[in-house]
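Two complexes follow with chain A in common, the first pairing it with chain B and the second with chain C.
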Partner chain A sequence: MASETPGAGIGSDDPDTEQGPLGRWVDSAIKNPDRVYRAMFYVAMLFFLVTTLFPFYWLLVLALTPNNLIANMGLVPKGFNPEVFIAMFERVPFHLYMFNSFVLGITTTVLVLLIASLAGYVFGRLRFPGKGVLMLGILAISYFPPAAFLIPLFELFTGNTAISIGMVTISTPDLFNTPAPMVFPFSALFLPLSIFILTTFYGQIPDGLEDAARVEGTTRLGALFRVIVPLSAPGVATAGVLTFISVYNEFFFSFLMNNGEADSWAPIVAGILKYQGQFDTPYNLMAAASIVGVLPVAILVIIAQERIVSGLTAGALKE
Partner chain B sequence: MATEQQSGETFSDTQRSGPYASAVNWMESLSETQFAYLLLTPALVLLGVIAVYPLVSTFSMSLFADRLTGTARLGEFVGLQNYVDLFTGARNYALPSQFLPTFTSEFPFVTNIYSSALAVTLIFTVFSVLFETLIGFGQALILDQDFRGRRWVRVAIIIPWAVPIVIQGMIWYLMFQPNIGFLVGTSENPALLNQLGLIGTTPLRNTADALFLIIVADVWKTSAFMALLILAGMQSIDRSLYDVAKVAGASRWQQFKLITFPLILPTVLVAMLFRTIDAMRVYGIIQTMAGCQTVPSLSCLVVTTFNTPLYGTSATVAFVTAGIIAVVVSVYIVNFASEGI
Partner chain C sequence: MGDVTLEHVSKHYDDVTAVDDMNLDIEDGEFICLVGPSGCGKSTTMEMIAGLTIPSEGKVFIGDREVTNLPPKDRGVAMVFQNIALFPHMDVYDNISFGLRLRNYDKEEIERRVERAAEIVQLQGMLERMPDEMSGGQRQRVAIARAIVRNPGVFLMDEPLANLDAKLRVHMRTELQRLHKELDTTIIYVTHDQAEAMTMSDRIAVIDSGQLQQIDPPLVCYNEPANLFVAGFIGSPSMNFLDGEVTADGFSSTNIDVEFDPADLGIEAGTDVTMGIRPEDVYLVDDEALVSNPSRRIDAVTDVLEPMGDEIFVYLKLSESAETDLEDTSGVANDQLLMSVAPDTDIEEDEDVTVVLDRSRVHLFDTATGEAISHGIETAVQTSGAPGTEAESDD
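Our next item is the complex of A and B:
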């Protein structure tokens, strides 16, 4: 890319010399620098497309090659073995892990949307003392690393935390290997982003609409759920999509808050890691499972890219 | 939790009788402040139980010794001894990887950088955030143009951001596992990257090589996030500024230097702050690509000591990690405040 500009200097030194096609191109490039920018633009775009998409192509190459042929692979599959997409489910019940991931993702999303709707309404539309401090506090909590929450949450959800109320001491129930030890940490982790997105959207609804509903006799919460939430549907969708993707992608609690078995609600994190066998390493199955695992979020990105883009930027640039 | 139940009732029921009516009437009679705090209750309870309580509890655990025998979670109260031991290196015997690097009197004054959790985390953070910013900037410049198929290019650039961490780790593990691809070979049969001298033939077992590859993997996944934030900043710039600049004869480079760059700098700094906080927590990609023994990050250290189980030590490292992140955040915020952004 950079060589075009110095090259241009040499080519234009002596206009009388016989010019090849390159020389002519260089000449016109100097007269019209926009073409150079255009060319640089396409080169850069191609570079970014190749670097972001090549890893997915590599998965496909490995998945389609029978495992015993995987060595010194080039850029094309050695063989064509689509049965791998059946074999991967036979070795590990990956569909169950994906089902668990969906359940965890949807439960968390519903919980987060409910709680964040109430909080977003408060922050976006009401005036009360302590508002700034509370918003800052919620923001600050989202900065802390999950590692700082790990031990107490693990103790809490495995039933090892005792709560004393007066004379009575009760142990927390053992919820390990249920969805709870994942759903609640996920919700707390991703709640702040949704609160900030919904605060922005709810705050933009004109007061007149809410007042009109109130005059009609709607309750305060009725006005929120019948007027403000429906009018902010894009914002709610944005927060929902981002929460679901975040839960589907989460690693820390997904990995540590279950025993890794499909019937203990372990999500795809455990499913993918289970392919690593004790006696063999089925690279083709690993690649196939990775492709299948990526599909749901890839489809979501294609369908909802506008929402994702606006949500990430609104949530992050809020302050 | 009670709030949600009431909200469900008012939502579905318009006739008002019995407990519904009294609940509704009670809620209507609240002042704005009372109503605000009532609606915030679920959020505050959730964050209180899942975030504030664990944070306080982690700090109080960090004041106790590790359990030596028996079934108790923790040993005796030792005050700040865990922190002292951690920073002086007296605790290193119990840790899978030391916390600080070893300091020496000769240049470059530190050794064992790659076995220090703090140094590894900082190296990862600085380089990944730096390259993500640069590449994200490039991607944002591309996406800022109008061209056919822009929507699809944007999808292609965003997709890595949406890839689950465990699959991201698997992808890069499969790419750099020796001898299966064209990138990494064996010592008898070196492949592309070995011949270039970039990495050895077992890169995922060598800390320096693995750290480099983990940074590459992270840049691949999260540059898109930077790109989207920077793009949002670029698109909020008033386009007429560029028209004025063109009339005044500014070149493209001058337009970039004098208009684009200063106007998006605040956005870039906010985006870098978010990425820095995130990068300091790195765990999943390490666990799936190379393992915590090879690349010890701070979160790795917390988890391994938690599993051992050395709860006192683990809580101390966890709280120090949170503290370091808090320092980074406040440095950024002080800078913002002083620049008046």
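Our next item is the complex of A and C:
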């Protein structure tokens, strides 16, 4: 760059202003770092936007391309076939699979929030011996890979386990192809996270508010649900949304605890796999189903995120 | 219906005893202050009355019912908290009506009662505000309205004024007294501020280290403190204390002697006693005429003056070496004396003065146990120290 700088002649300006374009840019960046930060922000934003949104775009490309043309794909669809979004419902009752996913997700979320609220209250607001150990236990269990539980749970839920109490032997009910063998493991798996979130939130509610509610006429439980939970709305929303999305996305138990039919409570993953025929693989239908399946969650996240952020910034609590 | 009784109530936390064998008998309609230093167990006592804490031992009665193990909601009490504790997610109306709604009152009744409560605490027109849109004093009034709206038998107030600024606090004090007059309900009020306790209550319960020290009307606590703790706690600035010994002529300490006949007080010569005298009962010798029963003259040097406007506090050094020991919190200082004089008194720092004590206002305490022996020595000075000295001895 030195070569680009003309020799400082008589009457020439300060040597600093005689640098090349990169030198000048560096100079201005040092003087005015805000611009650099902004530029870096846009670069990072762009990177994340592309990496998150490109798969969706790619799904759209695949969905719109007729299946026989799906080979050597470029970045644009080869053809325009929007009927695929109708065809997907004709070939497989995908709406039923979505319904199943919703029921599983909502049931699990309600169950998790209920139990995690109680646990969060206990861990966040009460003092008792063994609290640390118990919390550590929950943490440890949440680190187990779900596969570790598969065989015992499968045996349990398919009625192959018998419990003997004295003379009486009771075998477990066959719950295969019902929501139960999915909802229970989901709840157990996703509980620890919610417990942690809610413990933090409930622990921050001043004791005085709970005491006030109790003197005014609630029980401890009443105070929890009338005062502590509403005041922890951002935390409850976060825990709920995370749980719902996790269940909605879950594959392992969803795939193994039913026979993959819509009337056996199989969720969306099973629905998508259901398009796979013996003699064809309709990528376009699968892509269309994936988009439709993702939409509700995407909407939920957008709505909930706004609420979570507003809840957090409102700083609901003083004192 | 609003009388509260504690019978041998104790509360232990692990190895700490927060409240130790507390017996309290509070009558219906009484305004009682539980007063004591931080951590003395006064809040725990109140929580046990409220039901927020279950006593380890003993029984709690409200009205004729034993409520020891009842949850707070079934005790017919209402509470105002130090941190006010309004529900931030509800507006004023919902805050005040919270308890009524839980008890399924019908809508008109709730409305009527909330209006009435809002009127009493002067909150009309603010029922739709959220707590964070209100000032500290307004929030405190909402909390009081929430408490009175249910017509409870007993009000519990846990340092309700502690978070308010000084001016507002004095104002709210008056408001609370007015409220008590209007409602005529038992109020149990916890505070660490003895001035608050003195000004508002019918009786003061002084608590220290979890034990009830004295329960009496404010002036009795002030004039006839049951022990050293009460004497030091009630009154501001604190009473002067001097450690000494009873001799045949009376009380004798390093710098001050007070004559009396120990036999009249039932003390044996040789007993270690602590003498207490309030700053306003120390007089300059010029004012000796005002004192019916003065002690011997005491020479002192003035140290620091604190003009308060309506009086001047004068710190007196009784000996050359007098120094304030910051480590010593017992309040006993044998070479210092705090005196209060009229604001127009001509007095300077580092001036030699002569003072006398009002013997009829001298308190004697047993140094070992802290228990009061006598309050005031009622006879004229016997220069000869002859018998015939009488003392008024309480409890």
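Note that the second predicted complex is superposed on the first by the 258 of 319 C-alpha atoms of A that agree within 3 Å, B and C clash if a C-alpha of one lies under 4 Å from a C-alpha of the other, contacts with A are read in each partner's own complex, and residues count from 1 in each chain.
To be clear about the criterion, a residue touches a chain if its C-beta (ideal position, glycine included) is under 8 Å from a C-beta of that chain, and two chains touch if they have at least 3 such contacts.
All values reported here derive from a predicted model rather than from experimental measurement.
Annotation: superposed three-chain arrangement on chain A; chain B versus chain C shows no clash, the two fitting side by side. Between chain B and chain C, the partner in contact with more residues of chain A is B. Touch criterion met: A:Leu209 reaches chain C, while chain B stays clear of it. In the superposition on chain A, A:Thr219 makes contact with both chain B and chain C.
Once chain A of one complex is fitted onto chain A of the other, the partner contacts of A:Thr52 are limited to chain B, with no touch recorded for chain C.
In the superposition on chain A, A:Ile272 makes contact with chain B only, while chain C stays out of contact range.
Of the two partner chains placed by superposition, only chain C is touched by A:Val227; chain B is not. Legend: residue contacts after superposition of the two complexes on their common chain; A:Phe99 is shown touching neither chain B nor chain C. Superposition on the common chain A brings chain B within a closest Cα-Cα distance of 5 Å of chain C.
Residue overlap on chain A between the chain B contacts of one complex and the chain C contacts of the other covers 219, 222, 316-317, 319. Of all residues in chain C, those touching chain A in their complex are 47, 50-52, 71-73, 77-79, 81-89, 98-99, 102-103, 132, 146, 150, 156. Those residues of chain A lying in contact with chain C across their complex are 206, 208-209, 211-219, 222, 227, 230-231, 316-319. Put simply, chain A touches chain B in their complex at residues 33, 37, 41, 44-45, 48-49, 51-53, 55-56, 58-59, 62, 70-75, 114-116, 118-119, 121-122, 126-129, 131, 134, 138, 140-141, 143-156, 160, 184-185, 187-188, 191, 195, 219-222, 224-226, 245, 248-252, 254-256, 268-269, 272-273, 283, 286-287, 289-290, 293-294, 297-298, 300-302, 305, 308-309, 312-313, 316-317, 319.
Those residues of chain B lying in contact with chain A across their complex are 3-4, 6-7, 10-11, 24, 27-28, 32-33, 35-37, 39-40, 42-44, 46-47, 49-55, 57-58, 61, 73, 135, 138-139, 141-142, 145, 147, 151, 153-160, 162-167, 170-172, 174-175, 177, 179-182, 185, 189, 191, 220, 224-225, 228-229, 231-233, 252, 267, 270-271, 274, 277, 280-281, 283-285, 287-288, 298-299, 302-303, 306, 311, 314-315, 317-319, 321-322, 325-326, 329.
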